[in-house]
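In what comes next, subunit A is part of two complexes: it sits with subunit B in the first one and with subunit C in the second one.
Moving on, here comes the complex of A and B:
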């Protein structure tokens, strides 16, 4: 128990530190980066809840982020704006306008409900079949988002969301997500699920009902994704379905994998490292574009470096930076060892 | 009559392309039990090779040959970069590295060439049409059908009659046993990637021939098609992949003719839901391949 509290304290402290440093610096650009970082934390922790505990790669996560973002958008865009932003909206939704904070929660719940309804049968599959179906699920969600113009304004940009997400809110949600991910990991479901990850046959023989365990983790992951998506929607205030597809999946996945998918610590450390690397590379691209070294605008450099980093990490440390132990356990172990030696 | 011929040619030409795409994916999956997410980028490589040679004035067939060779090289590179370093470690790791390699190639194209579509040189014959039983058909559809038949026959011969093919089938059935009997693992895997690249290169030429331009994201659709086709047909069986390709073409063409405009937009959602349903009903696909052995 103590080591879990230590983990929460260290990782939560990291997030609080981020907020404090940002307040102290007071630069608007950093404010944006830090808020994005906290939203990414929520998303990556959600992916960790499913992937880390079940050992199954899921591509569908971004789709549920989209579900959350669009749900929250439909609930919060002011009634007089809806005529412009969503001209084809169903009449019974036209007058609806709730507080963004309620809508963010609703976004998470709707994403979780959608996941619960769609995913139960998929949880029976393992390995490649599971990955391909989750990929298929992402494509289905993306296709629906791109063409259901009544609710999403089709492939066009949806605008008019009230700006409600600021750094303290995003950081608060990130800390809640951190605690929830750790609690789930140590819960009975989480432990059984990790047993099934390490040996499916043995876990099933011990009586673990694997599809139902995976299902619970998947729903929780979708809840995180939906909340993350809604937070992001209220931060960026206008977006299109393209924001919830492969490029973003790659980014979220690289955060989790570089940090280590099996631990909550890995998810958080990975998000910090990748966000910092991503933003510096973006800045560097900007500098290159200003200097006009190449005739074309420089794009894609960031993704190339991230992809190389991902391959290198997986080749050298397949488990990521924190493959098995949470940071609290690592510190705790060191201390016990010193006490024993002394 | 006209409609029947039209429908048949549509299904066969689309199915031929789909079957080749699926075959290129499944040949690697059969041996390694691993999905290659960078498969679509092999098609992109072939396309950009054509674009870069566009102004050189070489005969088209020479350019096409070079483009296919580039795709083969890219296929082998996938093995060395994304698969070999992590192959023995974990399934998830390989899936992620191949996904990363795909992102790498796409963004390299973005960075070094252009995010905008680039024209690909095509011989005149690709834009001509002929009339068969009253149905106006582009010649490239007929070329696709012929190419698919020739390549599938060649492939069947390779897999059944040559030492390499027999060794590959042995490795696909029971990798450990095949190794013990002296089949060199790395050579077999690299050959599988080379064949995968070859098929992708040829399909790439035919596929890009339909559009005439190449963009960095061009590989996504063929990858999805190959996914669905292999899943429908059976991940472990090469015959299954071919049948899956034709079946998917039949479904797509039928949906194209029957769905209303309003619903046609959701076609991808329909086909992918179908994949999910088929996997639930038969997790191994319609045709069961040989029982799978352990991975390396």
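Moving on, here comes the complex of A and C:
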């Protein structure tokens, strides 16, 4: 228990430190980066809840982020703006307008309900079949978002969301997500799910109902993704379905894989590292283009370097930077060893 | 669970298993009573592990049925069979390598609906029994092979099974570890009232531990009965040592 509290204290402290440093610096660009980082934390922690504990790679996560973002948008865009922002909106939704904070929670709940309804049959699958079906689910969700113009405005940009997300809110939700991910990991469901991740046959032989365990984790992961999506929507205030597809999927997967999918610590550390690297590379790309060092503009350097970093981590340290133990457990073990040696 | 199950026997009747037309088990019948230790022996490839897999639902039956106290369990999933009170270890150890030793043992109790706190208490008791307390927080994947075997048995016991099927539990252990294991296993029927089916190639351990032996060769039962009787059975000697030894 002490180790878990230590993990929360260290990782939560890191998030609080981010907020404090940002407020001390007072630079608007850093505020945007830090807020995006905290929203990414919510998304990556959600992915860790399912992927880290079940061992099954899921591509569908960004789709549920989209469900949350659009749910919150429909519930919060002012009624007088809906005529322009969502011209095809169902009449019964036109007058609906709730608090963005309520809508963020609703975004998470709707994403979780959609996940619950769609995913149970998929939870019986393992290995490649499970990965491919999760990818198919992402394609289905993306296609629905692109074509359901009554709710999403189709492939066009949806605008008019009230700005409600700031750094303290995003950081607060990220800390809640951190605690929830750790509590889930140590719960009965989390432990049995981790057992099935390590050896499905042995876990079933002990009596674990693996599809049910995976399903619960998938729903919780979708809840995180929906909340993350709604938070992001109220930060950026306008978006289109392409914000919830392959490029973004790759980004959050790289955060989790580089940090270490099996641990909550890995999810947090990976998100920090990749966000900092991503923003630095984007800045570097901009400097290169402004200086006109190359004859053609440099495009895609960020993505290529990230992809290479992911390949390097998978080759050299397949479990990521924190493959098995949470940071609190690592500190606890060091202390115990020192006490024993003394 | 152990209480109600302890009055019932595990019965495999006329069990057959086929793999792509090859008959791996042919009409094998075996009964395991509560508080009894039965040794399942036979040469390599005789079908011993397949019989455990068939009882625990890991492979489908081509014929026959498995029951506990008359209730059919064959055809159920491995999970449901586990919940009926049958637990097992594997020929090649299957631990949850990225989890700690204590988490491995707890997981079995948790799968049977025990609370987190009770599961931890049960795991700690079992780890002490198996002299593994000092390694409770080690990752299971980092243990020695002998320790992994013991953790696997402790994990199986954490579910309070009525019947425990152990596939080569002493493999990879040194003599001292094997002796300790023998002592622990020999006490289980008395202390827990469970029926124990053991596969092992260490005949010394099998002879000292088991009330009865069941011998398989080429997927068929060639002998069963008390250890001393089975050991003198010519068919058993032939299966193990070849026909020349049997005729000598």
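The rule is short, and it goes like this: the second predicted complex is superposed on the first by the 341 of 342 C-alpha atoms of A that agree within 3 Å, B and C clash if a C-alpha of one lies under 4 Å from a C-alpha of the other, contacts with A are read in each partner's own complex, and residues count from 1 in each chain.
Note that in this section contacts are C-beta pairs under 8 Å (C-beta built on N, C-alpha and C of every residue); 3 or more make two chains touch, one makes a residue touch a chain.
The structure displayed is predicted, hence computed values, not measured ones.
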Query = Can A:257 be said to touch subunit B (first), subunit C (second), both, or neither?
reply = first
Inquiry  = Tell me the contact category for A:182 with respect to subunit B and subunit C: first, second, both or neither.
reply    = neither
Inquiry  = Touch test for A:191: subunit B only (first), subunit C only (second), both, or neither?
reply    = second
Ask   = More residues of subunit A in touch with subunit C or with subunit B?
value = B
Message = Looking at A:144, would you say it contacts subunit B, subunit C, both, or neither? Reply first, second, both or neither.
response = first
Message = Let me test your reading of the model: by the given contact rule, A:86 touches which partner, first (subunit B), second (subunit C), both or neither?
response = neither
Inquiry  = With both complexes overlaid on chain A, does A:307 touch subunit B (first), subunit C (second), both or neither?
reply    = first
Query = After superposition on the shared chain, which partner residues are touched by A:208: those of subunit B (first), subunit C (second), both, or neither?
reply = second
Request  = With the two complexes superposed on chain A, say which partner A:199 touches: subunit B (first), subunit C (second), both, or neither.
outcome  = second
Ask   = Can you list the subunit A residues touching subunit C in their complex?
value = 187-188, 191-192, 194-195, 197-199, 201-210, 262, 323-325, 329, 333
Query = Which positions of subunit C touch subunit A when the two form their complex?
reply = 56, 58, 77-79, 82-83, 87-88, 90, 94-99, 103-104, 106-108, 110-112, 116, 137, 139, 155-156, 159
Message = Which residues of subunit A touch subunit B once you look at their complex with the stated criterion?
response = 51, 55-57, 121-122, 124-125, 127-129, 131-133, 135-137, 139-140, 143-144, 147, 246-247, 250, 253-254, 257, 261, 296, 298-301, 303-304, 306-308, 310-311, 314-315, 318
Key: subunit B residues touching subunit A - in the complex, by the definition given at the top   = 29, 33-35, 81-82, 85-86, 89-93, 95-97, 99-101, 103-104, 106-111, 114-115, 220, 224, 227-228, 231, 235, 265-266, 268-269, 272-273, 275-276, 279-280, 283
